[in-house]
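Common to both upcoming complexes is subunit A, partnered first by subunit B, then by subunit C.
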Partner chain A sequence: MSGAADREAVFPTRQSLGIMKAKLKGAETGHSLLKRKSEALTKRFREITRRIDEAKRKMGRVMQIASLSLAEVTYAVGGNIGYQIQESAKSARFRIRAKQENVSGVLLPAFESYQTEGNNDFAMTGLGKGGQQVQRCRETYARAVEALVELASLQTAFVILDEVIKVVNRRVNAIEHVIIPRTENTIKYINSELDELDREEFYRLKKVANKKQRDTAEEDAQMKAKKEQQQKELSALAEGNEENEAPKAAPEDDGPADILAAEEDEDVIF
Partner chain B sequence: MASQADYKDRQFLAVIGDEDSVTGLLLAGIGHVTAPPDNQKNFLVVDSKTDNAAIEAAFERFTTERKDIGIVLINQHIADRIRYRIDTYTQAFPTVLEIPSKDHPYDPEKDSVLRRVRRLFGE
Partner chain C sequence: MEGLLFNVNNGYIEGIVRGYRNGLLTGTNYTNMTQCESIDDLKLQLGPAYGDFLASLPPNPSTSSLAAKATDKLVSEFRYVRANAVGSLATFMDYVTYGYMIDNVALLITGTLHERDTRELLERCHPLGLFETMPVLCVATNIEELYNSVLIETPLAPYFKGSLSHQDLDELNIEIVRNTLYKNYLEDFYNFVNTHPDMVGTPTAEVMSEILEFEADRRAINITLNSFGTELSKADRKKLYPSFGQLYPEGTLMLSRADDFEGVRLAVEGVADYKNFFEAAGLGGGPGGPGNMAGGSGGAEGRSLEDMFYQKEMEISKGAFTRQFTYAIVYAWVKLREQEIRNITWIAECIAQNQKERINNYISVF
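Showing the complex of A and B:
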């Protein structure tokens, strides 16, 4: 009956029924917990995607302003300073630090920008002319990079959350569509097997009772027949007393022995 | 998730961009050259003469080889040249960020992350 359905390979015993029931309960608890986790993460995820969208647009504007100020520098310095800057870059002044944020058990990294002190690679840039523009340009770009760092941490969170949500949803679906039905099937199977055993047992008991009844009836009949015979014999003996006294002793010895044996049999049966 | 362990040492940004973008970002102070033996720069200037293999190699170096880079900035028009690499890059660290350049306005439709956002929400 339940052989075709998907179920676990267990023996249909009361113990495994208990185990399966505990398992089903555990699966249901786990399912509801994971479902809630998935919802919390999805909420966070949507918020992050919205912020990414905004930040990307903001970045476009910020970078535009920054390139404009660079153009100002080029104009003021009166030549291309790119080469000079590329060659004088030695050690990063602008660095990032990663910290973690916990969202429903998922660690989301977030970048934080900071500037190291007393580290100026471009002290000589724009020394001749355009020093002010260079300074302003650096500030503008520093702000732009800050925006970029913020965007990058959003994006990292997006990538990680995306992955985690997929995993959690996969688990939720696995529990909902595989583990719970299978455990339910197993429980159903064990129940049906146990019922079957119960019915078998009941039928067997009934059979035994019937047989006993039949045996008792038969024995009663036998006893009755025996008693009647004895009666007959006794009366026959009584009649024969007058004719012959000698052969009386032997049949009388047999009689009680037979009765005893019959009674013993009765005891054995019951 | 495996990449969460090594995020602590990542403290630099890297740039792949045209001359103006790189100059500006270096001015902000992100440029870093490692200690003398290898002298690795964390920026690459790309012009019309730079071939795609060089860009790809730099991208590869910044994303997989170097463990001290947390964010890779790349100009969008350069990202377009190695688009298949950017699109297949799915790691969390380092983060790859497409930035606009002076000559090429920013197009949100091309951004690999924004495209994923759009696909997820079925727009």
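Showing the complex of A and C:
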């Protein structure tokens, strides 16, 4: 039976029927809630995908400008100032704050960038020549990093949302295609078993009733026969004493009849 | 008069350098280079001029390795010339290298201040500014030791002495140290070409004075422009101006008092060349961004002040070759070659980044 594999292992009782019905109801509520959550997340996911696309394009442009401005610095300063810049940078000018955003119960990290004012560690780099380019390049790269930070927070949200959407969808599908059918099957099974039991019970009762009727009828018949016998005996007693042998034989006949009745009784009990 | 005995010692060098000058890339070369689609094409275009040096580069090299190879060529040629130079020309050529040496020493000071392993820094130093005793400077672990080693081991000692103490190295911004040294160096070089018996009254003194004066003015103007908005005070700024040049003394005094671009413009009013530069830059870049290459956004047409200074420097250097019997051609040749390397790097960068619209920003004088 294929249905047997697809139902829960429960005893078909009224109690478990009640439990199963409650479970089915819970599963349906959960299903609709999860479905709505999944839809909300998917909506958000699409929006993020669109924004990632924009951010990536923006990043491409900004990075291009930034690397060109670095080329300008190389051109103007006429040498490699990388080491000097690295060494004179003491504290971060460009900083990031992390926030959390709640989308239908999913916590998405969002990065917010800000620049600390008055932090100008290498303001004098290229004092002799190319200083303007260095500053300009720094500004351009600050913009580029800003774009990167934005992209990073979007990408993180993208990955997390993707994961969560997958989980939620898996749950929705599991409830829809496994739990609900199975519970329904179980309910159906319990119902059918209970019906079966009912029918059996009914049949048995009928059988017992029949038996009892038959027994009663037999008993009645025996009682009747006995009565007739007694009446006969009484009439015989009344007739004469020489026929004393006859009533002696009659109880011998009664014995086997009684044993049969007892046997019949035992059978009824069975 | 100077022509009479010049060739006895220096004729060969002059010939060699003039030959090198003819090897410089011309406008046609640059036009061809700007048409290139890839770095490999560019490499091919550079073949005739740089063949041997670029041969070892892998296909599609990075711009920095291209620039490094081009610099290698300059360095090897310079070393050849230096090896053949005698007498006052040799000293002159040493003077040319001091500028690079200052940069290298500044690099080492930065490394020592931040307690880095300075040995790694030796590779980053400009090869022209290397000197034999340079590794000795790496032994120094604190700034006082370094200061003493610099005084003993390097030719830069006179530039440190008197204007910088070892405490200064610790406290002052490295840029101020560098510019102080550079100022002293320029003054010393200027003094050298104008007082050395071999050069006094010769075309060398004339041409080199022009070049160095221009260099001094350029530095003064640049320092002023770049110091706006930094913690460099006006008094400190004044100390960084070389005490010669066309702007000296009135111009530099006004520069030291300038608060903004307009102030600088007024200060240089007296010199026709600079006045023109500022007018052109003022129109192109606006008051906000006087000395820039427009940072990638807009203003691609307008030439920046920096560009015009470079252009002017190249023209002076080109002019130096019209004179004979002068050491100045060596200096001019080095500067021209440096500009050429910058041009190549710029063009390569533009090709690599596929930003062809600004590719013509190079400076070509031939």
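The rule we apply is simple: the second predicted complex is superposed on the first by the 210 of 270 C-alpha atoms of A that agree within 3 Å, B and C clash if a C-alpha of one lies under 4 Å from a C-alpha of the other, contacts with A are read in each partner's own complex, and residues count from 1 in each chain.
Just so we're on the same page, a residue touches a chain if its C-beta (ideal position, glycine included) is under 8 Å from a C-beta of that chain, and two chains touch if they have at least 3 such contacts.
Predicted, not measured: the structure shown is a model, and the values here were computed from it.
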{"item": "Subunit B versus subunit C as contact partner of A:Y75, first or second or both or neither", "value": "second"}
{"item": "Subunit B versus subunit C as contact partner of A:Q132, first or second or both or neither", "value": "second"}
{"item": "Which superposed partner A:Q115 touches (first subunit B, second subunit C, both, neither)", "value": "first"}
{"item": "If touched residues of subunit A are counted for subunit B and for subunit C, the larger one", "value": "B"}
{"item": "Partner chain in contact with A:S67 - subunit B first, subunit C second, else both or neither", "value": "both"}
{"item": "Partner chain in contact with A:A92 - subunit B first, subunit C second, else both or neither", "value": "first"}
{"item": "Subunit B/subunit C common contact set on subunit A", "value": "64, 66-67, 71, 80, 125, 137"}
{"item": "Residues on subunit A engaged by subunit B in the complex (per definition of touch)", "value": "49, 52-53, 56-57, 59-60, 63-64, 66-67, 70-71, 80-82, 85-86, 89-98, 107, 109, 111, 115, 119, 121-122, 125, 134, 137-138, 141-142, 144-145, 148-149, 151-153, 155-156, 158-160, 162-164"}
{"item": "In the complex with subunit A, residue positions of subunit C that touch it", "value": "63-64, 67, 103, 106-107, 110-111, 113-114, 116, 121, 124, 126, 173-176, 178-179, 182, 218-219, 222-223, 225-227, 229-232, 240, 289-293, 295-297, 304, 306, 338, 342, 345-346, 349-350, 353, 355, 358, 361"}
{"item": "Residues of subunit A that touch subunit C when the two form their complex", "value": "64-69, 71-72, 74-76, 78-80, 83-84, 87-88, 120, 123-133, 136-137, 139-140"}
{"item": "Touching residues on subunit B, where the partner in the complex is subunit A", "value": "1, 4, 7-8, 10-13, 19-33, 41-43, 45, 70-71, 73, 90-93, 95, 97, 99-102, 105-106, 108, 111, 113-114, 116-117, 120-121"}
